[in-house]
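Common to both upcoming complexes is subunit A, partnered first by subunit B, then by subunit C.
Moving on, here comes the complex of A and B:
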């Protein structure tokens, strides 16, 4: 599939060169790319799910490596992997139902029929569990990944009733792929509509005459505030400018254009103003599995100020920003250090960058981190497209969206 | 040629301009030898800069600014460049960016390269001209837009030069990138470049601007705080200009200056100043060092090691203290890696090793107890236990055996081996290839002999430094020695003084850069008055050689300022030089000497008078003359009285001065009075002439009254009152 490979390379280059701005765009494009990968993948007769998973995994590995800072890419890769596993399970489950019926009707070989129902029952249970989205301790203890479990019954079924199954299988071949693509389409739609879904909850959270504080510019926050405004809620917004990129200025302009009462403050004035604020609403770069948040720099300070004055601290983020990793995981690259030229003008400080006069080590260092990490205890509420959740609930959401096997996409070198 | 020019107007059509893809010419050859001996084996653009070849930075930047076709011109080691590009990501990458190589083997300058490109006929519209060692992250959209707008209005605006603000001290220029200060005159309204001068020669600290600049432009700013980024947006005419003027070699020295001087064709060059982004060119080892550190400090974001902009799929990670580390580094627990360091892939670092401010390549093996400070170590280098490297550049495959010490500024080219416990002295360059000798072959042999003395194993020639030690510290990786910096400061401040007070700067700039005075390293020495006299004498010698008197006056004035001398000193020094000149004329008798000195005095009277504004200065001249007679040139002593009277006759000296001198000498001891006695008669004549007019008595010098009279007289009567009387008398 040369065309897929070219597409992948193109996307990898774009990611590497940081040409895709924003989590949503990266998530959406990743999902679209993976959809093409799945649809172009030639399917063998056996082990289809494993093949698909392998294909997605190889591509995903490249994508994640291309821009480790953009966690949304990895999230979508994991989501797609999870979708494949789930679809495979449901199709297996339906097949098993049929299989067990056949096995029951066939009384010829009792030896095997004794085994089959048990197996199918286990598979069904697993399927049921996965559809219920609650990985119980049992599945974790069993340890066998679903992908390994899933082909097993079908192949054993194939041994006994090879001929009767072949027609069924070919239909299943197409069905799995079809289902996966369907599910990915749904995912893309979810990503597209996440802002609307989040904004729907705005009226319930923002009350009349409240003062809202935000920092920097987040599209999700903007839509959230707009939605509340449209519902004739009158409230005021304090925007901290968000140095050094000053995206807050842009947000303030947009809010004023929509007729919202807006006040721009410096980042350092947040603590002074927080006592007049009813609620802090900020966007996020990623939400980690422990409920911690990676967000634009400066938000940790806002969160601390909010906690000090017991102001609710609300994080709005689409579910594609939900990352199944913990911040201490070695795979997570927490921060991105940007160019110091955002802070200082290079020409003006060029004499401070003399290496030859100061014994080879510069005296001036400029650090310009892009993100802050906000520990879960500082967050009061998460608003995602599925509703409001507390930080301690995040692991449940993650269990909904991801399979435990996919947390580490990068394959270890096989020993 | 004519045909092509006739075709041009069609391409000026705006739609046409918009449609043609943006092209770029990248010169993958610097046509310089600053990176010798390394560049003998590998072209400069493929040398790793923070572990990525320099050309990657240039190409990535071109790609990021939206260039669609890049033409890489390669000359030296063209095969290496081509094979590198063929194997790189640029050959088969998706998207509109394509890289084409153009090869030539006989180009020896940028001018030749552009002529070759012109002959290929590939450039259709505006193009970006950069050299392969440019590192930048600026966005060109604004500059391109301005260029195109200007072109629409004025087809003669052929080039837009990108410049950057920098601190306006020579020290910064020198210490950061190791290049010279650039002076530019820019029209503040139109941003047109009116004057360009780099390589301001140290010995010639004079910039002269054409008067016509004032006529054509109501205002212009003269900048010395701009840094040339060597990024140009050119119109296709630039190529044809190079072809028409086959003597254009250097882009700046010939082409830019040529266009600025030549007002027949009326081509114009404009500038665009970039604000916050980064642009610099790796021109020499010092800028290599500086730019490497700028990259590690992320000024070039996104062209930094941990953003995989280049083809490398290694994940280099940046840790909290600013260290970059590739994934497969094996590092001993006891080793210490300090800030601003990059460690390449598959490198092993031994126990108790300390690395700071350095870049280590891939696959290196570094032993125990090694100290690496501010050094650049390329790939597959083996450094055994106990080595000490400071501010050195070590190329691929070098092997340093145990206990080697590399002093600051050392450059070891490819695969050099250095034996145990050897100390490689500062600023030495060692290569496996012999230095191509410009001089006769004897000297080369000498170096070969010398190399065996320092480098144990058969490998390695020590290269001599071509520009002498002066250039070595300037362009080396090593930090500048403290005394050089202080010297620089002094010079910088001396310059400022001169510029403040007088725009003209003496052409004899060696006064500040004299090797003797720098050798002493002490600022006070050259302010000596003896030096000053020498300088004045030298200036006067030039005056003898036919330089205009006005210029001599100007030069002496500026010398006076720079040495902080008074007018009296100038007068004395000048008189001294005049008398010396008189002495140079061969003469046998007193009379001849007298006539020759008379001649000189008459000749330079006006010059001397320029400095004889008050009595004090005239007295100084007499004192000087006395000194000459008594000490330096005794030939004059018998003639003292005669010459003094002659000076008086020629109105160089006033009797006023002579009388005060005589009076001053009254109190001196006898030995000093020889000359006074000699001229006593003359003085008496003076006084009598004078006295007859005012007091009918013969005023004695020795009376107190006389002294009082002289004092008061000097005080009240100005020259203009007194002179007419003398005319009457005569």
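Moving on, here comes the complex of A and C:
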């Protein structure tokens, strides 16, 4: 598949050069690329799911390595892997219906040995599906497949190879691939529509005459505020300008164009103004598994100010930003250092760049970090496309979207 | 009689022999004068059997402990098959957690049961589990294990079998499989937990937890450089034993007296504790002193991590410290206690969930609120 390889390389290059900005764009393009990968993949008669998983995994590794700071890429790779696993299980179950349970799938040798006809294929599918979910006490007690027991990060992904036993595979050769592509299309659609889904909840959260504070510019926040405005809510917005890129100025202009009463404040004025604010709404770069947030620089300060004055701190983010990793994980890069030109023009500080002093390194350093990490206890509420969630319930969403085997995409080749 | 059961033979092999011959009543009478005044009439005379087991596992079997354990067993014998004998046999195994021992005992009970219908079996099992639970009311993991097993029996696809024998077989098999989980769970937790130990960090541990030890062991074998601070863990000196284990792994260890926790907290990066039981609120019940360590850590913004297997999840909701039956144990102050002075002999305290950061369990890394979620899902 030379053309797929070319596409992958192209995308990797774009990611490396940071030509794709924003998690939504990266998420969408990753999903599209993986769709191509899946559709171009040659399907063998046996072990289809494993082949697909392997293909997606190898591409995924490259993509994640290309821009490890953009967690959305990794999230989408994991989502796609999860989709493949899930579709495989469903198709196994439907195939099973005709086969009357003789050749059973991976997990239940118990079922198999007793060969009990009362267990319907639907029940079996449910049981199998539960193996995909994060392990819980319930799965521990009921069907106990090995993979669900130990979400072993180093166990390489192919826990679904076992299913190859089933007899007439050929009938569903095309089926699996087709289903997976369908599901990826749905995922892409979800990514596209996440803003609408989130902004639908705006009216319930923003009340009449409230004062909302935000920092910088996030598309999700913008749409959220617009949606409330369209529903004839009158409220005021304080926009902290979001140094050093001053995206807040852009947002303020957009808000005013829609007829919202807007006040621009400097980042340093946040604490001074927070006592007049009813709610803080910000966007995020990524949401971690513990409910912590990686967000544009400056937001941690806003969160602390909000906590000090007991102002609700709401984070709006599409579900593609939900990352199943913990911020302590060594493979999570929490920050990205941007070019110092945002802070100072080259001409302004060129006279400080005297390389002759102190052993050839200049006395002046300019650091421009891109992100803040906000601990979960500072966040009051997450608004995602599936509704509002408290930070401690992020695990539930993660269990829905990802399978435990995929949390570590990268480590496999090294071990 | 218990002497004739298979467990006796194995017990003999497991434990050191000297005080074995005559478990005289005088042995435990002489032990602690105030034990007998204790109103909490437990077969082991007011001393929590749970801590007894732990002490034995940690190889500090004193003759007192042994005499007591034997007296306890002798009192309960008499039936042709006693679930308690069975339980005692299992719990003496050093690597087996108490909950798993209970499950093993109940599985053995099913095997030896002569019930002919599922209903009968269920009732008998319920009785057995109640005896087991009442035998040691202080052990949370024991009752949690019993509850989990009962839950499994009353609510599982196993009961869909028409043939009673098949169902029974399946129950036995499941029970035994559940037992195997014990060791696997510890390994899973170690895998999850060691990610949180980063190079150059300082970990504070309290109490002797096999799971925590496993986590630290794995981290050490992955060539992570970290330092461990061990509290002394009065009165059973768990910290000394823990530091000994760590020293053998060549992990730098420092021992603290229990009261030095706040003093050293600023150099600590994370607090790591095990748990006797994880309760429905997401809080934990653990060795005395955990609560105050968690409070200190919380006020200094240090994360508190708990490593606990999922079979320790118990359906309890303590509202305060005194809500649970105290697990009493002897405390040796080294000097005679003046007459008329009371001694707080409870062995554990309750740490509310707001002071815990994360729980490492075999179900994954959980926030405290997930625990209640899991329990509700299971028992609803």
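One rule holds in what follows: the second predicted complex is superposed on the first by the 344 of 415 C-alpha atoms of A that agree within 3 Å, B and C clash if a C-alpha of one lies under 4 Å from a C-alpha of the other, contacts with A are read in each partner's own complex, and residues count from 1 in each chain.
Quick note on the criterion: contacts are C-beta pairs under 8 Å (C-beta built on N, C-alpha and C of every residue); 3 or more make two chains touch, one makes a residue touch a chain.
On a predicted model such as this, the values are computed, not experimentally measured, just so you know.
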| item | value |
| --- | --- |
| Which superposed partner A:291 touches (first subunit B, second subunit C, both, neither) | second |
| First, second, both or neither for A:68, with subunit B first and subunit C second | first |
| Partner chain(s) touched by A:185 [first = subunit B, second = subunit C, both, neither] | neither |
| Contacts of A:261 with subunit B and subunit C, given as first, second, both or neither | neither |
| Partner chain(s) touched by A:395 [first = subunit B, second = subunit C, both, neither] | second |
| Subunit B versus subunit C as contact partner of A:234, first or second or both or neither | neither |
| First (subunit B), second (subunit C), both or neither touched by A:46 | neither |
| Subunit A-facing residues of subunit C, complex | 148, 151-152, 156-157, 160-161, 166, 170, 173-174, 177-178, 181, 184, 187-188, 191-192, 195-196, 198, 310, 313, 358, 362-370, 373-375, 377-378 |
| Footprint of subunit B on subunit A - complex, ascending | 6, 9-10, 13, 16-18, 65-66, 68, 333, 337-342, 345-348, 350-351, 353-362, 365-368 |
| Complex contact set, residues of subunit B against subunit A | 60, 64, 93-95, 137, 164-167, 169, 171-172, 175-176, 227, 275-278, 286, 289-290, 293-294, 297-302, 307-309, 313, 315, 317-318, 322, 339-340, 356-357, 373-374, 390-391, 478-480, 485 |
| Partner subunit C, residues of subunit A touching it in the complex | 110, 114, 116, 118-119, 123, 134-138, 140-144, 149-154, 289-291, 326, 328-330, 376, 390-393, 395-396, 404 |
